[in-house]
Amino acid sequence: MPKIKFETDYQEGCHPRILERLVSTNMEQTSGYGYDPHTEHARELIRATIGRPNAGVYFMAGGTQTNATVIKHFLKPYEGVISVSSGHINVHESGAIESTGHKVIALPGINGLLDAGELRQYLAAFYDDPTYEHMAIPGMVYVSYSSELGTLYTKQGLSDIKSVCSEYGLKLFIDGARLGAGLTSETSDMTIKDIAGLCDAFYIGGTKTGALLGEAVVFPEPERQDLRHFTTLIKQQGGLLAKGRLLGIQFEALFEDGLYFENARHANSQAMKIRQAFIEAGVEFLIDSPTNQQFPILTREQNEALSEKFSYETWQPMDDGRTAVRFCTSWATSDENISALIEAIHQL
Amino acid sequence: MPKIKFETDYQEGCHPRILERLVSTNMEQTSGYGYDPHTEHARELIRATIGRPNAGVYFMAGGTQTNATVIKHFLKPYEGVISVSSGHINVHESGAIESTGHKVIALPGINGLLDAGELRQYLAAFYDDPTYEHMAIPGMVYVSYSSELGTLYTKQGLSDIKSVCSEYGLKLFIDGARLGAGLTSETSDMTIKDIAGLCDAFYIGGTKTGALLGEAVVFPEPERQDLRHFTTLIKQQGGLLAKGRLLGIQFEALFEDGLYFENARHANSQAMKIRQAFIEAGVEFLIDSPTNQQFPILTREQNEALSEKFSYETWQPMDDGRTAVRFCTSWATSDENISALIEAIHQL
Amino acid sequence: MPKIKFETDYQEGCHPRILERLVSTNMEQTSGYGYDPHTEHARELIRATIGRPNAGVYFMAGGTQTNATVIKHFLKPYEGVISVSSGHINVHESGAIESTGHKVIALPGINGLLDAGELRQYLAAFYDDPTYEHMAIPGMVYVSYSSELGTLYTKQGLSDIKSVCSEYGLKLFIDGARLGAGLTSETSDMTIKDIAGLCDAFYIGGTKTGALLGEAVVFPEPERQDLRHFTTLIKQQGGLLAKGRLLGIQFEALFEDGLYFENARHANSQAMKIRQAFIEAGVEFLIDSPTNQQFPILTREQNEALSEKFSYETWQPMDDGRTAVRFCTSWATSDENISALIEAIHQL
Amino acid sequence: MPKIKFETDYQEGCHPRILERLVSTNMEQTSGYGYDPHTEHARELIRATIGRPNAGVYFMAGGTQTNATVIKHFLKPYEGVISVSSGHINVHESGAIESTGHKVIALPGINGLLDAGELRQYLAAFYDDPTYEHMAIPGMVYVSYSSELGTLYTKQGLSDIKSVCSEYGLKLFIDGARLGAGLTSETSDMTIKDIAGLCDAFYIGGTKTGALLGEAVVFPEPERQDLRHFTTLIKQQGGLLAKGRLLGIQFEALFEDGLYFENARHANSQAMKIRQAFIEAGVEFLIDSPTNQQFPILTREQNEALSEKFSYETWQPMDDGRTAVRFCTSWATSDENISALIEAIHQL
């Protein structure tokens, strides 16, 4: 019998309402490359959702591609991008940012989050250094909401980072691969409009919130960007789908009646049940995550017991022999599977 | 009333049998990034189809991405890739190849096809030039089957190119965005096994042959390549889909029972009807294409007449005031639409 | 007995007055990376020479490095640089421009010179093409003065190119590897102030006009550029010499009392003697060059006769069996060697 | 009165014996790009010095250029280079390595030195990580001898690193910008032959050891490398000087009769006098350097006192209000200046 998977938030296909939309539109004839009515409609829906009727909205096929393209757009050749050490671009993109010619400048951060104070200190020291002309110039800041460790910036924390960016002339880009999980977390004090107001660009992750694939890049203030040739840049980076509507149709479905947030809320809600079960079982966590990724620390026995029926990611070995693991939920996580897992946790 | 579109071979969604497969597998739980049973099955089907049980098979999301990744894989930093001037990588990829650091060395070619004699002449002159150390070194050859102009290499023509490549130590890569249309053309004297035997890598284009998206890169002789980290390279180029099975499932459907070739054959067959109608109407062609792209040269009056009910691509203005246009067919081109077009052509 | 070399304009060391300056300053202690009084003085001399007291002036070590750095500075990632096909960046820089991620868009040109009409036609067609979003966007124009074939733009010709650039928002960059030879040619109708007034950047080639090495990049209107981090870009491209004064001292010597133009004038003058001798001998030329590179077309017998005592570059084989060769003169070409060559030419 | 400079080891011109050689050869006619007898002779002298008659030897103009070119040569597109955090490529090359597309993978190290144990631990953990396919693959190791902090690997330490490299298939490259200072340090237990035997490539820094500019890249075992087109790569990186002999002549002078080591020994010897004076004055050091860079930690009063007559680099502020500074010596550091400095130190 196959194990029940809690490995990732992309282990099923797409939400049935998205699939239905793909089926019902399948034989329509449309122009390629995103010049179709569905994609245009999806753009309008996103603009309305964030309250920015002029926002630049572009669809791409995956997170790494999106990060590399947006960062390449913002940076001059001699500039680097600041990220917390655990940031996706610094660890898990196979050097994609460097392959576009730019250094990722890694700062330690706290619990996967960049700290405004640390950022300011770094920048002050940078420009105080008489040799700074010989270093990659910091040109932008990259943060993730929610972070790679499931944690969240407070509105104040992100505003502080934005202030430092403004002070030093840096662009701020928010990786929203798990934006839904972040915004619908009970602990979040931000809305998607807040996100739009606090950055130069962000993306709305579709892949991990119910789409087959697709990320929507948003430039809230396009008049401050030179976006005339952004589609050409997407093309150059290999991110322009011939059947661009595949992305448009999915985002149409996600933003027409709130499915995006519904999916994310479901994922969080299921994750909180897992969290509660581990707490009740006296299991500690690597990090206190209020979103759809949970990082309990298991003893060898616990790990063996759970892994009999469930699969999940090994995150990192702890010094005391225990292992931090990751349980991930999504729009597709069923109550049935959650119940089975909780039961198993209670038997640990 | 909307016009009937003959603009591209990617103006509909995907073949219904592919869509059904996506629907039926939607809630399966699988690992990401192509490590799922469907993708593995698709690999096996392709290996069997080309008669190479050990072939390296990788799935990517689009043609430009695929070309850039394969070319980056093959070339050393100081090397360039030879292409006919009209080659997709030289014209319509927004400088994607150059963005990976490599020069596209364009040779004129004939009717969109590279000529082995011209290639040899170029290479001989290159190494005769005492200053060649100061030039980008030719490292590989890129050809398309079918070509950007719908034309086809003969087996002899491609073998001759392969011979020159072997002589000069160049890799040979075949862009198969329209491989299906090429192989199922009545004038083709090659099979997919021939293709596999004549190159170091090729790709099987899914997007233009009935898939929502997806191209399958094939390395027929993986033991001659260092492919250990090719997945990392795909990831770096932004081409690794989290829900990799989206590609695997589609290629499973395409190669399980010949749907790939069936789709292509249908496209060609519909194109031949269009071709015949234009011939009967006394219309000349820019090029004699035996595949799913047809390039009639229309007078202003003819163009205006046809564009009332049909949309198609303007290809290039001719010196005499006429315009070469492109009619494109696909797996989705209906008999009904073909009849309507033929009727209109006959009334020119 | 060694042959007398007319191969290049960089076959000797440096002009004695430069060498003396290097000797006399050798034990001075200065700061590195161009922050020394000599380099600053050289900047001032160049600014005075071109009549632009605010010009940005930077020193680099070689032409390819300079071209790649300036082009990287001007272009956005999706942009390419337009050059005549025979342009140095398109042929003899080993793909250096492409290695920074940018396409060289080659136009045929005439006698090594870009034609304003052809340029406008290319740009008009480019933006008329409905698929231009899928192409490398033209971002700047590169020309050489004098050209790789020794030819010269007229002031009108260059002004016309500048006008087209302005119309289409392109930067204009002049490669001045042989700027001296160009400006001191008897046929030139331009001054260095004209050059400065007709472009966004140009460089003054030192290597081929009497320096050991060194090129001075000039941005006549720095306020229109973002040059704050140009030194960092030079450093990134490997062009920032620790002992930057090595360049500053040489340009000090070259621009203090007109040595730069004196050297160039000498080279041209010696070249004209060679030219005259070939004309008198009834030898044809590949191209009519008014500068220090001369391209006579020799029969096999003539080539064999001359190559007994002289060495020069083989340029290209002609269809009729003759060979175009290049004789190159410089600041160092002695009257004695010229007399020997002329005598030999007269004996052909 | 100008201050006496101890800022860098590149604040004067070149050693007089080098300058004499440049003067005496100035009017010789030679071929360009390093194809001259002096450069060939310099190659032979270096091969003899390291006892490797077949070694590949190439001359370049500066350290950053050299590092970027060699690293670009060794790495595949998806690979990164491991360096200690304080390594020159990670800090002071303006992102030059990243601009060639490669990640610098920084490990903490100890006193500017990479630790073999830490390296092995990193690599073991890397390949244990189930997500390693999504990371930049470690392809080579970069170390400096002497390091950026003046420290030295022991022969055992470097051999251990080499062993780890062999185990994991990594190339090992030694940055020898200050190779001379390293090898002639009294604490060094290595010869240049040892260096050649422990790496895949290293470079002999000329700029900081008495040359005007110039670094000699050495591949001790060229048969294990594909160096056929290394000159083309140098050209592409903008590192190929037209008057390549400028480098050859200098290295001829440096390696003909041991001037290279003589220069380095002098620098170290003068540094040891400074070191001794600071010890006698009870001043602590940031790091215990046995080479030509000394890093005393000065109180504000000491700093003010010394900076009246001497200039030197501010290195880093200490937590207790003191400042670590750098005094640097070279082949050109006179006994007179050393005496003046020692006297001042004794008066602190």
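Residue numbering begins at 1 within each chain, and the chains themselves are lettered A, B, C and D in the order written.
Please note the rule applied: contacts are C-beta pairs under 8 Å (C-beta built on N, C-alpha and C of every residue); 3 or more make two chains touch, one makes a residue touch a chain.
Being a predicted model, the structure only gives us computed values, none of them experimental.
J.: So if I look at the partners of chain B and the partners of chain D, which chains show up in both lists?
T.: The shared contacts of chain B and chain D, listed by label, come to A, C.
J.: Rounded to the nearest 5 degrees, how far is chain A rotated relative to chain C when their C-alpha atoms are superposed?
T.: Roughly 180 degrees of rotation.
J.: Let me spell it out: compute each chain's centre from its C-alpha atoms, then which one is farthest from chain C's centre?
T.: The chain lying farthest from chain C is A.
J.: Please report how many Å separate the Cα centroid of chain A from that of chain C, as a whole number.
T.: Those two chain centres are 49 Å apart.
J.: Taking the mean of the C-alpha atoms as each chain's centre, how many Å separate chain A from chain D?
T.: Centres of chain A and chain D (C-alpha means) sit 42 Å apart.
J.: Between chain C and chain D, what is the gap in Å from one C-alpha centre to the other?
T.: One centre to the other, that is 33 Å.
J.: What are the residue numbers in chain D that touch two or more other chains?
T.: 77-78, 93-95, 99-101, 133-137, 232-233, 235-236, 240
J.: If we count contacts the way the header does, which residues on chain D are in touch with chain C in the complex?
T.: 2, 4-5, 7-8, 10-14, 16, 19, 22-23, 25-32, 61-66, 68-69, 93-96, 99-100, 207-208, 212-213, 232-233, 235-243, 245-246, 332
J.: Of all residues in chain A, which touch chain C in the complex?
T.: 33, 72-73, 76-79, 100-101, 133-137, 226, 229, 231-233, 235-236, 240
J.: For a test of understanding, state which residues of chain A touch chain D in their complex under the given definition.
T.: 77-78, 80, 91-95, 98-104, 130-131, 133-137, 313-314
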